[in-house]
Every structure is written in C-alpha cells, then in structure tokens.
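Look for chain A in each of the two complexes below; its partner is chain B in the first and chain C in the second.
Moving on, here comes the complex of A and B:
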C-alpha cells in the first residue's frame, strides 16, 4: 500500500487540476482575506502551503452547517415529502492538516457508529482526504499534547509532505491509490532520503509546540471533580458564544429547525453548541445547564473526559483554533490542567 | 404569495421574465392606512393588485424584522404605511417609527437593497385616493427595480477592493512608559480594593498566546500583580460588569478610550448605576492584532477620558471628576473612506459584497456575546414563536441576523468594534455599525457620553425629517 513519489510544485498543481475533472475539489482558498476550505474551480485558487491553517476546519463538507433532512410541499390538499438529494460527484478534501483529518475521524465515530447517519455516511463514502503534513507549528497548535502528530496519518488517504523543494506524496489507503490513479505517470519515486523527511519534520515541529501533554488519566479526575468549584472560577471569562464549537474539527452537535412557509419548506438540522443555553432547554421550560460554567464545563469534559475506555482518544485534536479565536482568550489546555490541579489539591468535593 | 410565484421571480438572475409581476407586502396600521385602503375599495378606485396587506395596530408596532421577513419570503418590495404625524392613535407610535424607518432605510440601502423596493407613506382613513396613488407609485417603482436579487452567496464574483485605511494612531509609548503605566494601573487597582471602594477589579491578565490577554477578576490586593497593560488588551471589559455585580456591590473596570462609550450607554439605558462602577481609564498606545494597529485606533488619541473616575498614565494615577455632560467623544474614523467607497458602488455590487460576507457567518453569536450593549436576557434570535430570525446557518437568515443585530444597536453602538474583532468570519460589522452611527448623527445629532441623554431611536421630534415618506 505504502507507495511514495516525489513531486515538484508544478506536478502537484497539475495533479490537482486533473482532479477537478472527476471530483469536487475542496481546498483552502482565500475569500475577503480569510482562508477557508471551499470548493475550487481551478487549481490556482488552492492555497497549499507547508504550514498554516484555515480559519475553521473542513468538517462542513461532511457535516454542513445547515442541511435539509426532508423537504415538504402542500398542494391540492396533499402533503408531499421529498428526500434531499445526495451528492453525485465524488469529493476530495485537499490540503487538510493532520489535526483536521483526525477531527473527521472523531466525527465518524459519532455519525457512523451505532445508528448510521444516512446523509453523513453518503458524503463520507464519497470523500477522499488528502492531508498536508506540517513543516511549522502555529502559535496555538498543540496536537502533540493530545496524542496527535504534525505529520499524523489518521483519517488520511493520501499524505503530502513538504520537502525542502517540492512534495513527498504518500498513498496510505486504497481510496488514495485510486485518487492517484494514472496521474503518477511521470512522477519520480521517492528516495529513502525523501521519506526520512517525515520523522525529521515530526521532531522539528513537535519541538516548536511547547505544550505539556494532557494526561489520559486526567479524564477520570475531571469527571470526579464534576461539581468542583474550580469550574466556576475557570469559566468566568467565557462569554457564551460558540466560536470554539463551530471552528472545532470534532464538535458534532446539532439542532433541528424548521424553515418554510405555509406552502413549502424543509426540516433542517443546523450546527448547535453546548455553550448556548437554548441547546439544553427542554420544552417544559426546565434547563439542566442554566449557568455559563456548567455549559463551559460540558464542552471541556466532552473533549477531555467522558471516554469509554483508556485507549479511546481525546475528542480534542489539538488544532488550537478555539484558543486562537476565543474572544476572551480562554485556553482549553490550561483550563484542563488548572482544573485537574485544583481537583487533586482540594479534593473532588471542594466548594460544591 | 405562493412558493411557485416566488420561484418564478427568483429563477431569473438577469432580466425579469415577461409575465413577471412584482410581489409587494404592505404593512399598514389599523386606524389610518387600513381604513384608507378600505375607503379606496368602497369608493371603487382601481389600483394594481400586487400588494398584499398585513394589518398592525400601529407603525410603532412594526419591527424592521417584519420587513426583512417579507424580503426573506421573496417579496420584491415592501410598503409601510400609517397615520400622519400628529394623528397617531397611540400619540407617538408613528413618530418613533419614523426615526426607526429612516435609519433602517439607510442601512438597507447600504447593504444593497435598491430603495425603489422599500417605501413608507402616511395615508389617513379618509385618503382612499392617496392609497391608490401610493400603491400605483410603489408598484411601478418595484416593477422598475425588478425581481429581488438572490440571497445566495455570489459564486463567481471578483469582490470589492476597499481603500486602505490609514492614520497615525495614538502616541507611541516606549517599553519604559508601558511598564510605568502597568505599575500605576496595579497601584490604582490595589488602592480601590484596599480602600473598600470596590469588591473586584475587572482588568486584563496575561493570555496563553504571546499577544493575547484574558480578562481577570481581581478581588485581593495581592493579586493586582496579575494585571497587565499592553497592545493585546483588546476586550471591552464592560461586558463583564453585570456578572461581577452579581457578587459585588461595586466593581472597578479597566477601560480604554474606546470602551467608555459602552459604559456611558449602559448607564444611559438604566442598566447600570453610575455609582455601581469605578472606571479606571488607562492611557493606551493602540491595540495590535499581529503587527497591524487596529482600525479603530487609527484616529484615536488613546488618552483616558475625563469621564473616568481614575485616570492612569505613565506619570501616575489621578482622580477625575469632570462633568460628563461637557465631554463629547470625538470620533473621526479612518473607515469613513471605505464606507464612501461602498456607497459609490451600484446596489447589486453592494448586495454581493454583503451577501458574500454574510454567507460566511457561522451564527456563533460572538458579535452579540462580546457586545457590551447587547444585554437582553433573551435575544430576538432566540424567539421562536414565531421564529423571527431563521436559525438555519445559511441565507437568508444570515442576512437577517446581521442586519437586525446592527439595527438594534443603531444610535446606541459606541464603536468599540468588539463584534468585528471577535467575528471568526471577518465580517465587516464595524463598517455597518459606523455607517449607522454616521446616519444617526447626520439625522439626529451626536449622542455623547452624557448618561442623561436619550438614545436617538427611542426619542423623536415633531420636526424630524421625512422627505422619503410618500
């Protein structure tokens, strides 16, 4: 399976342009000064760089911000329901960072285990992921602190590794091999030296990330200290928006809403977040999470606790976007460390 | 209006189909215009049948959301009609509405709605003829404007290059001066705490990233060392005053020049007693996001304003007790050129400019959360019986949200730019806010820092301008 080639920038671009014929290609592109994943129509729109992240993750191409579950029309005394159309053209997510690809795997765990989500599954089935390993860390990055790696392969079908000049292309799955297909004609095979770039980058970038790791044993501590007063102290700054959840590669919560008029419309599902009071508001008027600190705690614990067993990864993939974009400068890793310290020091029951 | 009709109008992006008929929603008041329309009917006056009427108690009851709702649902034009000034059955409903619609109209114009689609009229119960005339006039204008443009994100469009903003910003301070300010700030905080003037000081503490700060709540004098001062002190801390007041009788808040308008606004709107807060104004050398000076700083002096209780500079800490009614924030703005540039573009370019921005909106409501003056305990975006703002994170709900957010702050927004700073999608909310501030000032004069003044849109004058009203 593991086949590797060395590509020049021009060859990479040529391959990308070729993909547009058969696939909907989603790649980082700039719009009004913001770099975001979007559907490109020409390879020159794509920003494929050795480092740097999009403003938010590509999850919306598998789990859209809003999607119709069914459409309805009323006419001549009848109600007609119609299923939303499923994607026909296969889709490639191109230039995804390792953290974001891991985020997609975390989404799979939610939408594909147990009862399979039909719409998500159809998109996932249709999607090939081309990741780009990182040659440098952004200030907010902390993938290595949560078990990830700047050159991680999780969730990746094809991996691009920035060389000093050009790219190393590694095929990691059958789907990835299909994507490379005939294109490899004039590519030169990678040398052992090229392949060594991978561990070298991992070492270099990991060193740039100056975060101490989040210990897996902390999950239990956090759960035990669920009622600890520290949550109140740590969440004082939280303004209760949902930037953290919406830019997060692994946050998967949604709400149902109805959009339409008396003649036609749709039942939609849209992103929602545990940081909003309405998220948990019951029809009865009861709200199990009335305070900001309960909601903030929920998000932190859902990333770092509530895991089935010890081997299960954290639901945080360490992209650091929530840290960089939080209006109040809250830092989820510092929060976890501070909470664990306080719970251990003062006992799980302190300041209930 | 049926969905079928709407889709006919929308299916064409260019010229309207031959059989296209404009759909116009008329919001009318029960006492005058509805009766006027009735009069037109009973006197058998003929007028175009493109208008669907909705009856309200008063134009004062009509929220701009209702107009936005009509556009969302595919109306090509909207007409609002009520009693003549002085004839309102609720005395002043139409006078307050007149101001609201003046400002709303300028906002709709700014986001690219052709004003031939949006009309306002005074029609009394006796004016059947006028009603017919107004409807004919409005229908002709909407027909000329054509079908409503699509709310969808413009896919192939080059965008607008706004002129670069420039300005020198506040006086630059060297490291020693910044250090001195920080030391004086800590001293000031420590003094108000130890003298028992306040229970807590809301200030800036070091953040986890190099240029970031995070709000800190200091209630022990020993903790005053946590307070920092620098170019990363971005938050408008008055947002946190309410939560701090839940636990303390009086709180101190560290404020930059740009934060003071919000504090004055909260006092003016009765949300905050002036005696509940001690404002520590600190000399500011401007904020930076990365290496760039923030846009709002370009035309700012950075001087702590006299309305503060304490003024912290590199030289020391002073008590200040100037009369706020004499103080007016001078707010020239580097962005005015960008606004003028947008206004010079045709409507459809402006519409595309904003629709592409709104299409990026994630509806994270960070703009609302960070805004000190968005203090409603329950936001209109959360009202769902009926659902005023569609919760789907797409068009046209995104437009509605961004427009109504701005409008609810018209005449109130203090220009602290927090909404634009926190927006993860970089939507230029600051341009919208600034545009509204300019329009309110042009029409009704500037509201300064005096807590005794009234916000422009809850006030009215009989002689307010109404040249656009039919």
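Moving on, here comes the complex of A and C:
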C-alpha cells in the first residue's frame, strides 16, 4: 500500500484541480485574513504550505456546527417525518494537519460506536482525507506531548510531505489509492532519500515543540484527585466562553433543539460545550456542575483521564488551538501538569 | 451498498397516540400511548424495567421519561398492542407543552434506551422499593413486573414518600398492589405535608426506612429519588447493615441524545444513558461525585 511519488508544486496543483471534477474539495483558504477550511472551486484558492494551521479544525465538514436530524410537517391531522438528504458527491478534505486527522478519528470513536450516527457515517464514508505533514511547529503546537507526531498517519488516506523542493506523496489506504487514480501517470517515483525526509522532519519539528510529554499514567492521578482543591485554583481564569471546545478537533458534544412553527419544523443539533453552565442543568433545577471549576475540570479530564485502558489515546490531539485562542491564557498542558503535581504533593483529598 | 442506506436514523422517533391519561397530582400526569403505525407496533421489541425513552412534542422538543408500565416483552403475556406509559412532572418547556396535549394527539417516542434492573437476578429475594416523589416512576415498571409474578420473589415492601399528601403518585392503583399476598405498601409524607385524614407515616424516607427494621439478609433495595434523598438514604442503609452491592438505584442526569454521543450525561467515564441508568450503590461509589 505504501506507494510513494515525488511531485513538483505544479504537479500537486494539477492533481488538486483534477480532483474538483469529481469531488467536493475542502481545503485551507483565506477568508477576511483568516485561513479556514472552505469548499474551494479552483485549486488556486487552496493554501497548501509546509507548515501552519487553520483557525478552526475541519471537523465541521463531518459534524456541522448546526444541522437538522429530521424534519416534520403537520397536515390534515397527521404528523409526517422526513430524514435529511445525504451527501451525493464524494468529499476530499485536502491539506489536513496530522493533529486534525487524529481529531477526526476521535470523532469516529464517538459517532460510529454503539448506535451509529447515520448522518455522520454517511459523510465519513464519503470522505477522503489528504494530510500535510508539518515542516515546522506553530508556537502553540504540542502534538508530540500527547502521543501524536508532526508526520503522523492516523486518519490519513494520502499523506503529503513537504520536501525541500516539491512534495512527497504517500498513498496510505485503498481510498487514497482511488484518489490518486490515473493522475500518477507523469509523476516520478519517490527515492529512498525522499522517504528519509519523514524521520528527519519528525526529529526537527519535535525539537521545536518545547513541551514535556503528558504521561499516560497521569490519567489515574487526575481521576484520584477529582475532588482536590487544585481545580479551584487552576480554573480561576476560565471565563466559560467555550472557545476551546469550538476550535477543538476532537470535541464532539452537542445540543438538540426543536425549531418549528404550527406547520413544520426540525429537530436540530448544534455544537455545545461542557464548559457552559446550562450543559448539565436538569429541568428540576438540580445541576451537578454548578461552579466553573467543576466544568473546567470536566473538560480537562474528558481529554486526559477516564480512558478505558492504557492503550486508549488521549482525547486531546495537541493542535494547540485552545491554547492560542483562550482569552484568559489558559493552557491545558500546563493545567494537567500543575494538577498532577498538586495531587501528588498534597494527596488526592487535599483542601478544597 | 452504501452504509448510510442500511443504517436507520437513530434520532427519528416513532409516532405514538395519547390513548388516555391520569392526573396523579396537580403537576404530575401519566400518559398511556400506542403506536400510530401498525407495522411499527408489530416491530417493537419491547423493554425491560428501568429502561427509558425520549418523548417528543413536535415543535417543543424532547424529554426523557422512564418507561413506567409493566415491561412489554415480545413473547410475554400481554395484549397484542404494545402500550407505553410514562409519568412526568410539568417543569419545563417540553413537559408544559406535553401537559397541554389532549387524548388522540400524536407525540414522538424513541427508545428504549439504557440498561435495566436485573429483575430475573432478584428471584427468591425480598425486595424493598423506595421511591421519593416522582422517583416512583422509574421504579413502577419493575414493581409491576415483580407483583405480576410475585410467587417468584420473597416479601415485597414498597416505601413511597413525597413532600405532601397531594404530591403522592399512583395513589389510585396502590390499594390493588397491597392486596397481592406478600406485598406491603408503606407511605410517608414530609413533616408538615400531612392532611387531617392522613393514615400513613409522617417523616423523611430514610428515617421511616430505618424504623421499618428490615433485616438486610436476603434482601435487595431498589431506590430512586432526588440526589439529596439518596444521600441520606445511603447513610441509613449503611447504618442498618446493607452492603453497597445489595442496593440498586437509577441515575438521572441531563440527557439529550440517549445513545452516548452528545456528552451531556457523563459521570467520569460513565455515560448515564448508555452505561446506565441503573447502577448499584457499589458501582456508584467507584464513580466521581458528578451527578
């Protein structure tokens, strides 16, 4: 499966333009000075660079910010229900960073486990992911601290690796092979030297990420220190704005609400966040998480604790967006490290 | 075949008609529902006591209620038409809209969801059902299942408490439960909640439970009520000598999806809608205090 080619920038652009004939292509593109994943209509809109990331993750193309789960109409004394239509054209997510591709796999673990989410499954099945390995780290990046890699393959069908000049293209799955299709006709095969670029980049970028790794054994420490007073101290800055959840590639919590009138309506869902006070409010008025520190703790622990077994990955993929965009300057890796230190030093039940 | 064509939409409810309702208290009502579509009724797989459903008022939203009548089992002894009952208190947007509906109107139902009470595992044991307020709704399916085949179980004590006499639910049917051999119903209201002709106990549920002096040997306690009641009830249970694995409860966290996806009802690693709602006191002790 590991077929590799070396492409010039022009060849890459030609391939991308060709994809537009058959696929809806979503790629990083500039919008009002911000780089965001958008549906492109021409290859020159796509920003495919050796490093740098979009403001938001691409998760909304599998799990939209808001969508109807079904529609209903009232007429002649009857209620009629209708499923939303499913995507017809296949979709390519192009230029996805390794961290974001891992984020999509974390979403799969939620939406495709137990009861399958039909809408998510339909989009997922219809989607091919082309990742771009990183030749440099952004200041907020910390994928290597949470088990990821700047050249990681998780969730990737085709991987693009920036060479000093041009790109190494690696096919990683059957779906990826279909995407390359006939286009490879005039591409040259990758050399052993090109392939060596992978470990070289991994080493270089890992060095740029100056963060101590989060130890998997810390999950248990965090769980034991659930009621430790440190959470009060660590969450003081949190404003509860939930930007961290909205930009997170792996956050999957959602709300469900009816929008309707006397004739028709829909059951909708939209992104939600455990850092909002209404998230867990019962109709009776009871709320298990009335304080900000309980909500912030939930967010941190859902990413870094309560893993089923040792092999289960953290639910944080290390993109660092929540660190870069937090208006209060909170840093989830520092929070975890500080919590673990305090719990270990003061004991699991120390002062509230 | 593309996956999406073989996967049903988990969020699309079945349509159900309100056949009848009973007003239990000024703000609590029990609905009796039947499937609008005969094919959906025929395909219905039934439920086990302790499971719950998502009930839709189109235009208002969804609410979670326990499936409150005796379990409908596909090969069980029952009428041909599956009937679902739910008891709800009018407290919010959806339940207010539901309360305003009349007989013959159509609502949505999806479920059953969650795990269930191990009713078959309790055979031969004495059972103590303790329900506070509308917490009785989550126990009623199990109580009726057990009463319907009482010969398979030991003594059944039903301890029902409420804030006041007016807040007691299922009062009309309780005398009939009492008449079954080996079933004892004890009712209590909080001090100040009694009326002049009240013939039951006066006192908080945990205190009344202690006074009953029920020997823990060979018994299972099944309790449901507000968090504060459970807190004090567990203290009483410990005092009387019940071990945590003899006590079963059902958790009520805010839920939206019902299938473990929306992230709302987590208690640590435990998704109440998917892994619960039924838990033993022993299991609850392993979870963080986040409910």
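Observations on the structure shown:
Keep in mind that, in the parts below, the second predicted complex is superposed on the first by the 351 of 352 C-alpha atoms of A that agree within 3 Å, B and C clash if a C-alpha of one lies under 4 Å from a C-alpha of the other, contacts with A are read in each partner's own complex, and residues count from 1 in each chain.
Here is the rule we use: a residue touches a chain if its C-beta (ideal position, glycine included) is under 8 Å from a C-beta of that chain, and two chains touch if they have at least 3 such contacts.
Fair warning: this is a prediction, and the values are worked out from it, not measured in the lab.
In this overlay on chain A, chain B fits alongside chain C without clashing. In the superposed model, A:334 makes contact with chain B only, not with chain C. In the superposed pair of complexes, A:257 makes contact with chain B and with chain C alike. By the touch criterion defined above, A:31 reaches chain B but does not reach chain C. Once the two complexes are laid over each other on the shared chain, residue contacts for A:231 go to neither chain B nor chain C. Shared-chain residue A:223: touches chain C; no touch with chain B.
With chain A as vertex, the superposed Cα centres of chain B and chain C define an angle of 80 degrees, given in steps of 10. Look at A:15: by the touch rule set out above, it reaches neither chain B nor chain C.
In the composite built from the two structures, the nearest CA pair linking chain B and chain C is 6 Å apart. Within chain A, the residues touched by chain B in the first complex and by chain C in the second are 255, 257-258, 261. By the touch criterion given at the top, residues 2-4, 7-13, 15, 56-63, 91-92, 95, 106, 108, 226-227, 252-254, 256-257, 259-264, 266-269, 274, 288-291 of chain C touch chain A in their complex. Partner chain B is touched in their complex by these residues of chain A: 31-34, 36, 55-56, 65-66, 73, 139-140, 236-237, 239-243, 245-247, 255, 257-259, 261, 263-264, 268, 270-271, 273, 276, 278, 323-325, 327-331, 333-334.
Of all residues in chain A, those touching chain C in their complex are 69-70, 72, 74, 78-79, 81, 83, 86, 110-111, 113-119, 121-122, 125, 223, 226-227, 252-258, 260-262, 265, 267, 269, 272, 274, 279-284, 286, 288-289, 294, 298, 301-302, 305-308. Taken together, the chain B residues at the contact with chain A in this complex read 2-4, 73, 159, 207-210, 212-215, 217, 235, 239-240, 243, 356-357, 360, 362-366, 368-370, 382, 387, 390-394, 397, 418, 421-422, 424-426.
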